[in-house]
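The chains carry the letters A, B, C, D, E and F, assigned in the order they are written, with residues numbered from 1 in each.
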Amino acid sequence: MTSDRYQKGMTKLGELTVATESSPTGHMEVGESFKDIAPDLTRLVVEFAFGDIYARPGLDNKQKVLTTISALVAQGTPQIGMHVITGLNVGLTPDEIAGCIMHLIPYVGFPRALNALKVAQEVFAEQGVSISSRG
Amino acid sequence: MTSDRYQKGMTKLGELTVATESSPTGHMEVGESFKDIAPDLTRLVVEFAFGDIYARPGLDNKQKVLTTISALVAQGTPQIGMHVITGLNVGLTPDEIAGCIMHLIPYVGFPRALNALKVAQEVFAEQGVSISSRG
Amino acid sequence: MTSDRYQKGMTKLGELTVATESSPTGHMEVGESFKDIAPDLTRLVVEFAFGDIYARPGLDNKQKVLTTISALVAQGTPQIGMHVITGLNVGLTPDEIAGCIMHLIPYVGFPRALNALKVAQEVFAEQGVSISSRG
Amino acid sequence: MTSDRYQKGMTKLGELTVATESSPTGHMEVGESFKDIAPDLTRLVVEFAFGDIYARPGLDNKQKVLTTISALVAQGTPQIGMHVITGLNVGLTPDEIAGCIMHLIPYVGFPRALNALKVAQEVFAEQGVSISSRG
Amino acid sequence: MTSDRYQKGMTKLGELTVATESSPTGHMEVGESFKDIAPDLTRLVVEFAFGDIYARPGLDNKQKVLTTISALVAQGTPQIGMHVITGLNVGLTPDEIAGCIMHLIPYVGFPRALNALKVAQEVFAEQGVSISSRG
Amino acid sequence: MTSDRYQKGMTKLGELTVATESSPTGHMEVGESFKDIAPDLTRLVVEFAFGDIYARPGLDNKQKVLTTISALVAQGTPQIGMHVITGLNVGLTPDEIAGCIMHLIPYVGFPRALNALKVAQEVFAEQGVSISSRG
């Protein structure tokens, strides 16, 4: 038995990911690997982060992922890659994603931006996408 | 005598601000108040942050400001207010700006989000704008 | 009409604060002052931070507040004072609260610890409590 | 010849670790691997972090480790694992340690909490402990 | 009765500050204002930060203050001002101090650098010093 | 065709690195590996970080590298190693570099200092340098 918020979260996750039979939440890590030490984590991630927050009106999905990536670049946390995949799924172009990271240089400094570009570059290669050619 | 990049930066600043006679860069603090201890700062801000970075292709102005605000929310730096004004100038709605800050709660935690909402709330009041009424 | 989680959150808040008629959540800022720009914030704070997280088993209230204060000291966010009051409400002694901040010096450095001690000192004075006399 | 504070620090380390013949400070890294470039580091860690700070009155050992872990979760520094072992040594249960990390989600965000859970999970597996089964 | 390290710390403080009768540690806040809640703090600051660390060989005083200021600029902690005064006391010029903050822009971003410049500017004004005139 | 600032940046890089035929910027990562996703990054790094900032008067190269390393230690970003090499190139001794990291312990805490020492230790070993022997 799942809550309305859980269903709402799973619906939102369906927009952000490409679900497969083995992984109904697609590429998104929503805490299933911590069932042994945090049995309620997946429920909290799905209900709160996706059912409550990601499902809020105000921003479209592309804006939400751009916003998420920007905060993670500033934090320097390693989850950026997962959200770069989400960005591609919702229609952000590689130019927009790389452009977001480049745009943050004056605010977060080169080191954090370079770390994020490296992660984005790896994801782009794995996903077989590339940025448009411009000088 | 100013460089091409300085002109490019000033043009971009013109898109982001409402220039007045007394302040050609509008509400944006671009370092003029530090002429005594950092005489080259304004040039560096205008040339690099605006001429090089803000003028890059890849993202539109609304995306650029959203990206900037998100990074500052994560950092907890006090410059958020200035960029909220910029956001309103380029056409972000109060719903989008407040929505951006709310969206970051799962990534940066409530304390940093609440601090940012307070700044946004003050700017909205000063600018006489409000969010649309929705439940 | 409120959810079960909201009720659970309000019950937990009742343990952490001294409710008054004018403020059912006592000294805790749970987002009511942002009703104009984030009408769902109070619900999210009460349901998630208090109904989901603070109400989890595993740690007692004193441990939960100590954990919260420690993270805020490391972050350097200004919400420490509110949680120091909560700590006193749930039975942490001023010695434990000051001891927690002092204990963090080797991990977060003197500057963040001194900033936090200043906030704790102000709260202790306002609340009329003091640490036990030991050398 | 060692100082009183060094002895006090070693005594405190004895409470926190399981000393072995080859490692008198047990699992704790107290800087011995940096003897070549920082010959005084071990002395400073033992005397200050353990002799001065960890040996202070005010908090018991379980509270001190909980406080330490909480700050490291907020910082995102990789030393969490070492302090999770210390926590188990002084009697914190896996429920308390995982509960501490989960409790911090509203304050530090999901990314830092997930990173910390991963480290704790690895330590729990290495140490052969698990959390109690609750829903 | 004070320890050797306390004496060593006070001697080092004497090099860094201009002592007065009412304040033997000059402009440096070494924790005396927290005697009520952290009676051992001053001893720990003087013994550890000054007696152990500041008195280490390896760097001269000017390098030590420059290093300290750089870390505080990156952290965004408000103690920068006190260390700017120390810098002037040990012979760093206003050009070196402002130059240090400007140098950090590519590493920490403009917002943290601007916040630090503001603090330095205020200290320079209070101390009646100014940077040399260069374009 | 390159700008004056690019030339100025390359000249400054020449002071900081040992150029080889295959790598005109020596050991410094200036963004060439991101040509596919950020084609303008190398130009921005060379022009801004080196042509504009590193080439400023006010500090000498040794001070500039010490300042850079200090900020990266506080941030906890992994680029420290590259700047430790630069430090050795411009004449900082291993004692000064290790002394800088040790000096930061009271300001950033042991965890970040230990992480930085580990990186410095690896670089010193790779470069075949060691600190002078002192107690």
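The rule is simple: contacts are C-beta pairs under 8 Å (C-beta built on N, C-alpha and C of every residue); 3 or more make two chains touch, one makes a residue touch a chain.
The chain list, named the UniProt way, goes like this: A, B, C, D, E, F = Carboxymuconolactone decarboxylase family protein.
Bear in mind that the values here come from a model prediction, so they are computed numbers and not experimental data.
Novice: Using the touch definition from the top, list the chains contacting both chain B and chain D.
Specialist: Looking at chain D and chain B together, the chains touching each of them are A, C, E, F.
Novice: Of the other chains, whose C-alpha centre is the longest way from the centre of chain C?
Specialist: The most distant chain relative to chain C turns out to be F.
Novice: What rotation angle superposes the Cα atoms of chain A onto chain D, in degrees to the nearest 5?
Specialist: 120
Novice: Average the CA atoms of each chain to get its centre, and name the chain whose centre is farthest from that of chain D.
Specialist: Taking each chain's C-alpha mean as its centre, the farthest from chain D is B.
Novice: Do the two copies chain B and chain E share over half of their interface residue numbers, or under half; same or different?
Specialist: Different-residue interface.
Novice: What is the distance, in whole Å, between the centres of chain A and chain B, each centre taken as the mean of its C-alpha atoms?
Specialist: 24
Novice: Rounded to the nearest whole Å, what is the centre-to-centre distance of chain D and chain F, using the mean of the C-alpha atoms as each centre?
Specialist: 32
Novice: What parts of chain D, by residue number, touch at least two of the other chains?
Specialist: Correct list: 40, 44, 48-49, 53, 56, 72, 75-76, 98, 102, 105-111, 134.
Novice: Given the complex with chain F, which residues does chain B contribute to the contact?
Specialist: 40, 44, 47-48, 52-53, 56
Novice: Show which residues of chain B lie in contact with chain C when the two form their complex.
Specialist: It comes out as residues 76, 94, 98, 101-102, 105, 109-112, 114-115, 117-118, 120-121, 124, 130-131, 134-135.
Novice: Within their complex, state which residues of chain F touch chain E.
Specialist: Its residues touching chain E are 48-49, 53-54, 56-59, 63-64, 66-68, 70-75, 95-96, 98-100, 102-108, 134.
Novice: Show which residues of chain B lie in contact with chain E when the two form their complex.
Specialist: Result: residues 29, 31, 33-34, 36-41, 44-45, 49, 72, 75-79 of chain B touch chain E.
Novice: Considering the complex alone, what residue numbers of chain C touch chain F?
Specialist: Within the complex, chain C contacts chain F at residues 105-111.
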